[in-house]
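After this come two complexes, each holding chain A, first together with chain B and then together with chain C.
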Partner chain A sequence: MSRLNATSRKWLPLLPAAAWWAVFLLAALVSIMVFSFGLKAPLSSVDPVTFEVLSLENYREALSPVYVQVFWITLKTAGIGTFFCLLFAFPVAYLLSTRISRNWRPWLLFIIIFPYWVSFLLRTFAWRIILAPEGMLSEALQAMGLITGGLAILDTQLAVQLGIIYNYLPVAILPIFVALERIDPALRQASSDLGATKITTFVQVTLPLATPGLIGAGILTFILAAGDYVVPAILGGARGLMIGRLIALQILEAQNLPLGAAMAMILIVALLVIGVLFALLQIVARRLNRMAQGAAI
Partner chain B sequence: MKTRDPIGILLKAWMAIIIFFLFVPIFVVIVYSFNDGRILFIWEGFSTFWYGAVFDNHRILSTLDTSVRAALLNVAISVVLGTLAGVAMARHQGVWDKPFTLLLGLVLVTPELVSAIGQVIWFNKIGLDNGLVRLAIGHSLFNTALVAIIVKARAEGISDTLEEAAGDLGAPPWRAYVQITLPLMMPAIIAGALLAFTYSFDNVIVSLFVQRPGSSSLPVYILSSFKAGLRGDVAAVVVMALALTLVMAVIAAILLRKGAQSKTET
Partner chain C sequence: MTLAVSVRGITKRYGNFVALDDVNLDIEQGEFVSLLGPSGAGKTTILRMIGGFDFPDSGDVKILDQNVVDLPSHKRPVNTVFQNYALFPHMTVAENVAYGLRQERVPAAARKTRVREALEMVEMIAMAQRKPDALSGGQQQRVALARALVKRPSILLLDEPLGALDRRLRQQMQIELKKLQRDTGIAFVLVTHDQEEAMAMSDRIVITRNGRIEQIGTPSDLYDAPDTAFVADFIGSQNFLRGQLYAKDTSITTPDGRQFYAQRVTQDAGEDALAAVRPEKTAISIDKPVSADNVCQGSILQILHLGNTMEFVVRLASGDEFFCKRPREEAAGLAVGSPVWLSWSRADMSIFKLDQGIADGLKGARVAMSGH
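The block that comes next holds the complex of A and B.
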């Protein structure tokens, strides 16, 4: 086989997937950008959008106080959701990687991932039963005297928050587990042999080594949560808003594609900025890790 | 050896709580699928009525039909493109590897909502009007990346000596690929196909945006009937689908385990 033939074969199998993504995804992303500078055409015209004047009008509208507030609520909800996902996920991932035998791990991971095989929609709907003012949880809490009157969190931002944590918790567990599993148990052993207490070992050895995994899980959870549409639509009612709902409203109901596109662009930019910040954090965390390991040696 | 491990006990209790938290809504759905009442989430008594009623609801049947067709077409696309790419990524570390990995990363981190908006604009622009094709393409964009990652992981675990041997023995590259590479990748391909099917079958956001009148998928129908009031047939069809996916998931798990075993054997 000739050398040229061999090199040309290297990229050939990548081509179909790359072309598929270029034609349908990259082009789609570019068209969001293009449309965000257009204007909604009058109802009489065939095309939904005119580009006679390239306009920043959509951005002005998307950045008006009402929308900015919803963007802010979205980032806050996603941020708080991510924080709790990481907080709840870490002990589970830690347990799996340190105290569960290798034979059992795949089964427990399977159980944790399992909910993803059940309709996302109906699982979210189910929370409406659980949280209903006259529902089981409400009555149990009233019986315990923890609340008076029915539970009143359905159709509020709190319900959206809970739904977000519920839906993305498994997504947070996996990357943290992978990071923790990679840590050589000998490192922890060495730390305790050198006289460190369990807590010192955890804080100075395990936690720094797990930080990249935590940040990765955080980025993933945050992106998914910030772009969510279903949870606020089902659990949020009129008061629980997230930007995904407003974007969907503009595009699916108001038929205002340019405004929806501009709002999507702002979401992308916000996520990019936060992603870059987290990536920088990750680099710093790696540096500190290396320094800590260097100091240990 | 048995030592006292209070932290371990605490952690295990925590995991039990988390698993309970994850599964409670699933139990609620299963229990309420046997609700006799007209409105899904108002309990009136046990009955299997809605399991029969599924087959009288034409909207459920037609959207289910659309969902299955779109999911299968999406699997076909994702498996072909993803397998080709996954094997190549594991085998050849060429110049194109880095940009391709970058592109794959972009596909994975693009929020579904953003991708969906872009698709509806772009599909309308290029005049892609077939609702089924729009759904299948929309779902395949993410799933191609998913299959590529799974296949790549397996291909990395298996050395390419067998393929080289086939080449040395005079087999043309396509023949070595079909007769040696593909069979070796089969567990990963099947696992990828099942995941791609489930993703598509459950997808709401992309489907909601790219769908055409007359080609709604089942999740989009469920979402739209939420406003009018859900009935028991929706839960019944989801529980039936769950039973089916459980069977598929068990098959996938067995295949992946087999794959892992044969990986350690080679």
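The block that comes next holds the complex of A and C.
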């Protein structure tokens, strides 16, 4: 221990996590990347992949119009899901951090997290019962005369969309709540003291200071939603497809590991590109805002 | 003349706790007024009522003859320097100062000039493009002042503005605040629990206690002629003796039969009363003083160096502890344990109505009571 220099001692606490990730995350990622350049082995072979020729064949197939369509649906579903999650999460986080006394907050947060005590699979499956054409919701809507015939949502993209929003809402609430709770209430009072209305205070003080939390919540929700395969598998049926489900099908059922790996790589790259675009957009928006306001001095 | 602020009969309750009880207060234009009191006395609540951050259950708040009691803070012609400055962390110093002018839709050219002037006034122009978290506490304090004063309010409210600064900086800021107030001619209303700060800066001081105003007066009024034992103790400090005050008399008799003479007896003082003398007016000597109005004997419990003065803690025969603050020259030959004589003039002693809070703190009284 005494021979370790100061720098290594400083980073020593990282070792367990770094080792864990090196083995299970990095190794897995690298092998997926390698697999994506291989080919599906003949059924007689022991290994699932052959590397006799390294090819881009999997990428060509993964980018064929049918699959590109599914990529697009995936990003759209995740995007819409993220939008609604943030929209619904913000008021909850705002009320929780400004209107609820400090003593009650942990309990309300507990209630928000509580659904996670139930298995993800089971929670999602419960929606099949709710959304079923002969289910409670369907009958209630029919009784109110809002729809005729059974509810036709189950096994469609809409069902997947609903399931995604429902499942990731708590994930969106927490980072926003943390960001809002860190804003000193005196800042809102100072804003009002200087002549700002409630709306101006919200737009000029609260929202900018909550932005890091909103971005965090957005990224987290979007990435989790884009990679989800349980929701489309359970609620989407044949028509509600997302790329995560397709990857699972390729690997688990079609035994085409290389194609699944290529799809996974494309998803990772697509998410990275979207992340970078968003970051750029934010910088531009901030510049535009500065310009619109004019220099302070 | 139109009053800057006129507070009439405001009362505020939080559940069973009475934060303010029928408070009346007038503040003139251009006046420097401090609200001074222990924590929980209601001084900050009064400030928040003037600023519009809290609303009274009953009573009125007038600013420049206009009743503002129902107006929210953004519609009142007052500005506030908050306790921890409350600078917007995502804006530069200049943007912080410009914020209030943007709300008034001051045109860009005029706005820039006023921001510049405000920052020059507090000598922070060089820091205009910095973010608040790159500033020291004293610098943040100046920016908070500039941000409030740039609005040219008729009244500036300051909520313990110097509390977070170290001693040296605090004294420097006291001088600057006083100068700023004189230069701008704006009424300053300052909340503090530090009596030296209030004494140093204020034209008048408002002493609050348990949600009521105990006394209002100039620093010298409060120092020389306090109405109550509480005020006497809070402004500076006092040695108290509890005893019997006989009708028409100007002396009290302590339970151990000693008599102490005073110059001044407050109107409301009853039979059970407190006599008080300041530590700096109490003389200490080894030999019995030849001619003194009041004398008593004790022994030195502790000696504290306070720079150019010395403070002696003396235990009297009754068990009471007396403080005595003298120049260093007089400390010669005095040591812990020495038997000494304390003496003071009747001109320096006052008799007040019994104050239970202070009486409970007297060791002698407790000894006397347990003796019964």
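Definition applied: the second predicted complex is superposed on the first by the 262 of 297 C-alpha atoms of A that agree within 3 Å, B and C clash if a C-alpha of one lies under 4 Å from a C-alpha of the other, contacts with A are read in each partner's own complex, and residues count from 1 in each chain.
Basically, contacts are C-beta pairs under 8 Å (C-beta built on N, C-alpha and C of every residue); 3 or more make two chains touch, one makes a residue touch a chain.
Just so it is clear, the model here is predicted, and its values are computed rather than measured.
In the superposed model, A:Leu194 lies in contact with chain C only, and not with chain B.
Once the two structures are overlaid, the count of chain A residues touched is higher for B than for its counterpart among chain B and chain C. In the superposed model, A:Pro133 lies in contact with neither chain B nor chain C. By the touch criterion defined above, A:Ala18 lies against chain B but remains apart from chain C after alignment on the C-alpha atoms of chain A. By the document's definition of touching, of the two partners only chain B reaches A:Phe35; chain C does not.
Within the complex, the chain B residues that touch chain A are 5, 7-8, 11-12, 14-15, 18-19, 21-26, 28-29, 32, 40-41, 77, 80-82, 84-85, 87-89, 92, 94-96, 100, 103, 106-107, 109-115, 117-122, 124-125, 137, 140-141, 144, 148, 167, 173, 198, 202, 204-205, 208-209, 219, 222-223, 226, 230, 234-235, 238, 241-242, 245-246, 249, 253, 257. By the touch criterion given at the top, residues 51-53, 72-74, 78-80, 82-84, 86-92, 94-95, 97-100, 102-104, 108, 111-112, 115-116, 119, 128, 147-148, 151 of chain C touch chain A in their complex. Listing the residues of chain A that touch chain B in their complex gives 1, 7, 9-14, 16-18, 20-21, 24-25, 27-32, 35, 48, 88, 91-92, 94-96, 99, 106, 108, 110-112, 114-130, 132, 166, 169-170, 198, 219, 223-224, 226-230, 233-234, 244, 247-248, 251-252, 257, 260-261, 264, 267-268, 271, 275.
The touching residues of chain A, counted against chain C in their complex, run 184, 186-187, 189-197, 200, 204-205, 208-209, 293-297.
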